[in-house]
């Protein structure tokens, strides 16, 4: 098994699936000769040509909307929006078309499409190259939302997403595109959408996170290990549907939980997780569920480091629930 | 048809006509439609008109919560329907396509079931009335959001181009729709890809109350084709023959891989925008009456009468027949009652995730 | 004081403010001669003419984006989107421009604009005339979000919104446009943005809601009164910023809370309120905070009644927290 | 200027030129720019070029995290800057407007402070480099989202029309931007309102790697003006005099209430899209070299040399002077260090609501 980073894994997974299924095609800005601005589609244009690897005009509405039409027609488009921040010119196509065609047609039409996008801060990208808008997708009935944090999960979930018969938003942690490497099986495999991963079992506190926030969480977990604090670490991976069962099981057993996500604080995805926890297993809580999040400011260029949930902020929150 | 028959003028200053207001054939090529076809054109327009009126009645009876009056749009819509190769081509319609919908071959019972929101609606009563769909006829599920179907139509056309099986895509909208960013996004992509698609604008001069001159400074919407490197045609949308021949030509061209086109059909809507609309706030009765004089059914009657294909008496009989068909369709559509609550959580996704099963349980227990 | 419904109150408030301040102008589809599809701008075109009451092309991006430019230029535009469901073609203008120009310019430019929209279900409007997308606005730093439920609050908050120097989303409960009437002072007044209203004080349970859900909540409250259950009823009115202080004070005192909002359940605005409650005052909770919400389906035409949080569902939730 | 001087051809097939590649004056009207002005045109282009190169250096030094190379766009940008009535007109620029920014009169220290993200940036280091703004000069705060400034520009122009004080609005973008729905929404509204605005497309033939023919089937972007009922002009964007005279004319027309226009200036970018881009993946060195031969600075040198207004020696001296100015501006911009953390929560709103005060406290305690 080759050790591989996330972005290379994406390109290889797309290639593998395109070989198997000729209805899969890739579209987006610069996905052709350029191989994508992050090289996530590198090599595909040369291999599959302009009919299956389509450089689009500079319009996210065209990308997303055309993907809906292609999918309804019978293709399996994998569309790319270069940055999650740029999904908004195509947002209507996502929420009014992609998310709703199966429901509103009573199942006659559906949109087996994947919408890939790089997300997350910490890359000196300022307002428009750093955001994590997953809450907006998750709150839109009809969309599935994945946000893996490792190469292996990326492969398994991307494969599942491509084969899924519903529109799937596939968010990619851009600052970890090249920094995280692991061995990734060469053969084709799927990870079930909707299942969390218990990265590490533990008894003192449950740490819940996903996607681009996982790097800081892993750093914090390492320090906690040195402090002999036993952490149960859950990587949600899938945000819609999300694995409430796994979360409630861990939290009910441990009684203390810290939730981490770098998106803005108010209505951060982890607010939903927190609300479900207190609604369903209030009595097993030994301490308040604490959220460690980004801030309610537009993403600030100058404060790239400070905006993100730092290991230090995570540690403080853990200490707080332990001391409670 | 392509090239060898008639050269429709691209970007014409005046609307293209093949039939004068008094029903004379104006073109310098020979009409090649059979009497049967010509009578069918008229019959379908009449059906569309009566269907529209019936929707009005159903609304007044409180049976239908909404509909989009289409009277005045019939020539355009039936011409489009007749040029489409149903089941082979793909169609992305909009809410005002009542006559087009009928002429497509969607069973009238299905149309009524959708309007009434009954159990027999193939779309399971999930949408407001006047939002058609038909998987069988490749008719995409209409949405309320203006122009939001245009990029999807472009996508289907690009897919059709890739698959290369000689399918064309047709999409319709009002002229207001052309102002939306999504319209631009879709038509521009289709243009850049040379996809087999015809964009049809039924320009009735009004987007609810907003007159065309506040909508755009382009003299007419066919001119917008310049922006997308495709031909633009400006048609008298009350001339069913002009609309039909041009559509036929453009769809053949599209199927043959000769690329997209944009067509404006100039029409008028006699009714209010919807039953909730009070159109006398923004236009006069005189304006409506003046347009009614150019009625496409009237013009076709004159055209047919000259050929001894139409009499007042036959017309009355046809109307009676159509009303009976409508009565029957309504009865059939209502036979099995309304859509049941059990369907509410289906089709959000292919399968129901845990949270939807939970919510369904919560609701059904309530 | 005249008894007045909500939609009339909007028209009169706009008129009153336009008289006072000539930089205020109104723009949107059909706001001119037609007086708006709901008549919320009735009479303004005749009085102020086409320069101050602008019928726009059919483009929400044009409406919202032009409002940003007008506001930056020095006007105070009050823009209308006919239905909250139709904000999405203009969503990029809202989140990438309106919400961010003050921050990204370091305060050099700002957008004193109001974006009005009708919202909520129960009007047989199906998918695209029924939604409550407030979560999406609230999660976007830089936007203020108001959602009153009575004529008086409508006047006070709309006046405050117009005078506010930041972009304000003004959501209006469409099914209550004409059904709710009350006496509204003729004179000019403001209600402070960010302050909740304690509609009724009580000791057994705190009911929290806002906007279009308030009609069902009031019905439920009436029944609870008959059952001699003492309800503290809070109408949030302002969602960003929202009155955490008032909420925590009531819930800390009473210990039981039910949160009601008809938007889809996952990441409903009340999920945030719930997460804050358990994070900050866990120990005062005598029962889990329960959310009564819409469902995670696209808004279904056929089940207009069933989708909404019914008085019955609210009563059940109240019973549950009381019995806990 | 209006009408009485030169009739620029609307929707010309070939790019409009007033100066040949070898620097001959081609127009049939007399050049009415002073020697001083002509030399300033060149000086500003040269400054723009050196500024761009300096950004490259600062990036290689790790001091600047991003910039958008503008070499090849100088004639277009300086022509625009010279036609603007700064402080009276309103300007909605984009990220690649380095030369325009310099020529606007924004202090070079401010430019550098923005690029470096220091305390002296008037925008408080809240944005990536290459995102200018100046309240004083009515230069709207640039955003990264392509075309997202176009509707705002249209809104300002409509406001200017209402206020009627003789202000014009100018907005710039690349050609890729014209594909966005937001572009369409904005320009169409401005057209319908006859607002005083000029839309300028700096068409460098590439949107990152996407070539123009995949962007749109319209032969050039000036043709898109047809869709909006306004005149469209197709200019050689490496001819500073053609760009200047046309811009001057169009802005005067706009200020006089004669409405909007769309202009394409055909240019080329020599550098990669950004330092993160590897442009050799999608174009050849030969293509770049061929364009460099048409360099706008070279052309202007020839033009000036014919008038004895340029020598190699002077040029070298000018360059040295400019480098010194840049050195000084960088030093000044860096003098007070980076933007402090205390600023992070300012300007989300005019005043800080409770939750932001809370979050600020949380962060500063950390």
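Order as written gives the chain letters A, B, C and D; numbering starts at 1 within each chain.
We take it that a residue touches a chain if its C-beta (ideal position, glycine included) is under 8 Å from a C-beta of that chain, and two chains touch if they have at least 3 such contacts.
Small disclaimer: the values here were computed from a predicted structure and weren't measured.
Among the other chains, B has the CA centre that is most remote from the centre of chain A. Chain pairs B-C and A-B differ in how many C-beta pairs they share in contact, with the greater number at A-B. Averaging Cα coordinates per chain places chain B and chain C 36 Å apart. Note: centroid distance chain C to chain D, computed from Cα atoms, is 40 Å.
Distance between chain A and chain C, defined via averaged C-alpha coordinates, is recorded as 30 Å. Across the assembly, chain D contributes 124-127, 131, 143, 145, 148, 179-182, 184-185, 188-189, 192, 214-216, 348, 355 as residues in contact with two or more other chains. Each of the following residues of chain A touches two or more other chains: 56-57, 59, 61-62, 85, 88-89, 92, 96, 100, 103-104, 126-128, 141-142, 266, 295-298, 300. On the chain A side of its complex with chain B, the touching residues are 25, 51-52, 54, 56-57, 59, 61-62, 64-75, 77, 89-90, 92-93, 96-97, 100-110, 141-142, 144, 164-166, 194, 241, 244-245.
Taken together, the chain A residues at the contact with chain C in this complex read 85, 88-89, 91-92, 95-96, 99-100, 103-104, 126-128, 135-136, 138-142, 240, 263-264, 266-272, 274-275, 277-280, 282, 285, 287-291, 295-298, 300. On chain C, the positions that touch chain B within their shared complex are 29-30, 32-35, 37, 55-62, 85-86, 88-89, 124-129, 265-266, 295-298, 300-303, 306-307, 310, 312-313, 316.
Chain contact summary for the complex, chain B toward chain C: residues 65-66, 117, 124-128, 131, 143-148, 176-177, 179-182, 207-210, 214-216, 276-277, 281-282, 338-339, 341, 343-345, 348, 355-356, 359, 363, 366.
Note for the complex: chain B touches chain D at residues 179-185, 188-189, 191-192, 194, 213-219, 223-224, 226-230.
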